[in-house]
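Labels for the chains are A, B and C, by order of writing; each one numbers its residues from 1.
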Amino acid sequence: MWEKLQDLDRRWIYLVFVIALLFPLFKPLGLPIKVGADVQNFYTKFDKLPAGAVVWLSPDYSPGASAELNPQFEAVLRHCFKNNYKLLMYSMWEQGSFLGRDIMERVAKELNKVHGVDWIYLGWRAGGNTVIRRASEDLWGAMENLDGYDKPLADSPLMANIRRLWTPDVDAIVCFSSGSPGDGDYMTYVTDPAAKEAKPVLLFTGQVAVQAPSRIPVIRSGQIQGMIPGMGGAAEYETLNKIPGKAAGLMDAQSLAHVVILAFIVLGNIAYLASRKK
Amino acid sequence: MRKQLPLLLTGTAALWVVLCQYIHQFNALKMMGTTDQWQQIIVATMTLVGAVNLTRIHGTNIQRRRSGYYNSIALLVALWAYIAMGIYLTNKHVTYRWVYDATCVPWEATMFSMIAFFIASAAVRTFRIRTAEAAVMGLVAAFVMLGNVPLGPVISDKIPQLKDWLMNIPNGAGFRAIRIGIYIGTFAAAMRIALGLERAHLGSGAQ
Amino acid sequence: MVVFQLAADPVLGILYAGRTMQLLTMIIFSAFVYVMIRRARAGLPVPAIRKIPGLEAVDEAIGRATEMGRPVHFAPGIGGITNADTFAAWAFLGHIAKLCARYDTRLINTNRDYLVHTINEELIRQSYLEAGRPDSYNPDDVRYLTGSQFGYAAGVLGMMQRERPAANILIGYFFAESMLFAEGGANIGAIQIAGTTNTVQLPFFLAACDYTLLGEEIYAGGAYLSKEPNLIGTVVGQDWGRILTFVVMVIGCALANLAAAQGTAFKNYLLTK
């Protein structure tokens, strides 16, 4: 029996895993969301930007990571609009530009924020990180003088005083990242080189959970101001915003899934030890 | 010449980037912005090269009636129909977006979510407490997993605190060390490429 | 000129202010690498590269696939042609292709980047030619699947199930597909060797593969497998850079601690003693 348990067909694991994920969606456990140090740090620092601050939002991910990063993007977006920050949205990922745009259009409509005045969609341009490097010198040139809807940038009052992705035109960057290009490219080409300016561009990031541990060193060194890790981080941000969103509702499922994995690991080890004693 | 020209171009491009990054006069004249623009154009053109390359590969499959050639037909029809749709309607059109939202989004999300299942089965198979180190690793993993979800603080307030400590101190130190090693390694690799010492990509005989 | 006002005053009238330390580091590291290349070229002794089990295992994996009469699968990651990991992957692929050609073992190479695919085609063809077996080269086994990350992952998983390679070699820059490939390979019982510099994906490879090359070990692969003195020189030069970094870090930590302590305890200690 112990040997059987050790060589358990993985499909059984998958089945239990699916049940654990689906169960709380039908019958929520209602576990309280406790805000962690990472998200609290992000929120506090981000909240301190003055009203009218220019924030560059960069949803650099594809649909695969949207379950984790869409709720983060929406939570930060709502926070920005609440604090009357002016928003520029550009993505280094073509698919990210669509994903971010859909959320941006929906939330802006809901909160009566006007395109070209309160926010602007810059879309996506071919070239990956070379576009942001060029934008750090000449934003209009990098965008070919057009926004993401192919309208001239000159028509947007918001863009009148924004010429570069650099201090003091832009105050902060929030990069939602699931890979490369992402926050590392902003560090290399924009925020780190601008760090010596009197008013540096601050970099914040939202990460898929799997990448979060790797960002600890750059947060501790001050290269990134704060991080929202995974869907759990999004749920915590929603709690701080006091606007319930998708992530908080899905955290019960994640809790149960983690318990299931731990239970299988424990069972596997019991079986291993028992079969060894034999 | 077939090998010298790419090496010469690589070396020149590397030198150009170094000059633009570190020499004030180059930097102040925004000279890198111009080459960045070139790169934008090259990358955009490469997308077309990709489509042509794909057509060539799958066109040959269909022509020679290789096994599963009907999949190649489906691929080419989808590829060029979507390109045509993008050109005709532009990528802002609601139908163009609908096709993308209805196909690519769920496919990608499905594949990404499969990772969770694979992680589960790999974890169950690998986390065997065979040694003292494996026991420590298993315990740390358990605390981090519980600390990352709302269940952790429900069990004990200490779990998220312990998780934060594990992530910030031992994990931070480990990542920092590996990263520094990788950056130095990447630098040496970049030098090999810029100096034309790394030539495997020009054909194995070029080594 | 307005543009000149944008940048801070240059150092020595030439260097870009704020990047001088970067440049200095680059010059020192370049000097290490250059000196080691010179030594290697002049035939002077250069330290040998330590034995890396993952590299040794490449030959063993291909041997096993040959014995079993099953193919070898090689994936170069999804880094593209501008990624240093892809260059490392090419060094491995050249070696693997030659061995496969020599043993007459089928090599399946799957790609996500069309430019990497084109180079791989050429590289593998050349390797078969050099091994004296141009007829064994099968262009159908060098495959471009799709530019989509997860579409590519799905294609590779399907291939693994259908063609059941006995060796699964994953060297390059991998992202989220790493777990899918490694666990997919484990499912079919393939011997697995993986390596990437993406630290986020390394734990997945460590959990699911038989051998994992950690970070910059893959860069040493080309030098290690080819035994080319020039390349070995660069690896040794890189290690000198590492030693220097370590020394700078220790001194930096000591100075930072001294500075932190200066205002309070350390200052008092000095004053009282």
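By definition in this document, contacts are C-beta pairs under 8 Å (C-beta built on N, C-alpha and C of every residue); 3 or more make two chains touch, one makes a residue touch a chain.
Treat the numbers as computed from the prediction; the structure is a model and nothing was measured.
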| item | value |
| --- | --- |
| Farthest chain (mean CA position) relative to chain C | A |
| Chain nearest the overall C-alpha centroid of the shown protein atoms | B |
| Interchain centroid distance [CA atoms averaged], chain A/chain C, Å | 28 |
| Chain centre separation in whole Å, for chain C relative to chain B (CA means) | 14 |
| Whole-Å separation of chain centres (CA-atom averages), chain A against chain B | 17 |
| Shared interface positions of chain C, touching two or more other chains | 17, 19, 149-150, 176, 199 |
| Residues of chain B touching at least two other chains | 30, 104, 108, 111-112, 119, 121, 123, 125, 175, 179 |
| Junction residues of chain A - those touching two or more other chains | 10, 62, 64-65, 213-214 |
| Residue ranges of chain B touching chain C (in the complex, touch as defined) | 18, 21-25, 27-30, 46, 49-50, 53-54, 57, 66, 104, 107-108, 110-112, 114-115, 118-119, 121-123, 125-126, 175, 178-182, 184-193, 195, 197-198, 200-201, 203-205, 207 |
| Residue numbers on chain C that touch chain B, as the complex places them | 1, 3-4, 6-7, 10-11, 13-17, 19-20, 22-23, 26, 29-30, 33, 37, 81, 84, 87-88, 90-91, 93-94, 97-98, 114-115, 117-119, 122-123, 126-127, 130, 140, 143-144, 147-151, 153-154, 176, 179-180, 182-184, 186, 197, 199, 202, 204, 207-208, 214-216, 219-220, 222, 226, 228, 230-231, 234-235, 237-238, 241-242, 245 |
| Partner chain C, residues of chain A touching it in the complex | 10, 62, 64-65, 178-180, 193, 196, 210-211, 213-214 |
| Parts of chain C lying in touch with chain A, wherever the complex brings them together | 8, 17-19, 149-150, 173, 175-176, 187, 199-200 |
| Residues of chain B defined as touching chain A within the complex | 30, 32-33, 36-37, 39-40, 43-44, 47, 92, 97, 100, 104-106, 108-109, 111-113, 116-117, 119-121, 123-125, 127-130, 138, 141-142, 145-146, 148-151, 153-154, 160, 164, 167-168, 171-172, 175-176, 179 |
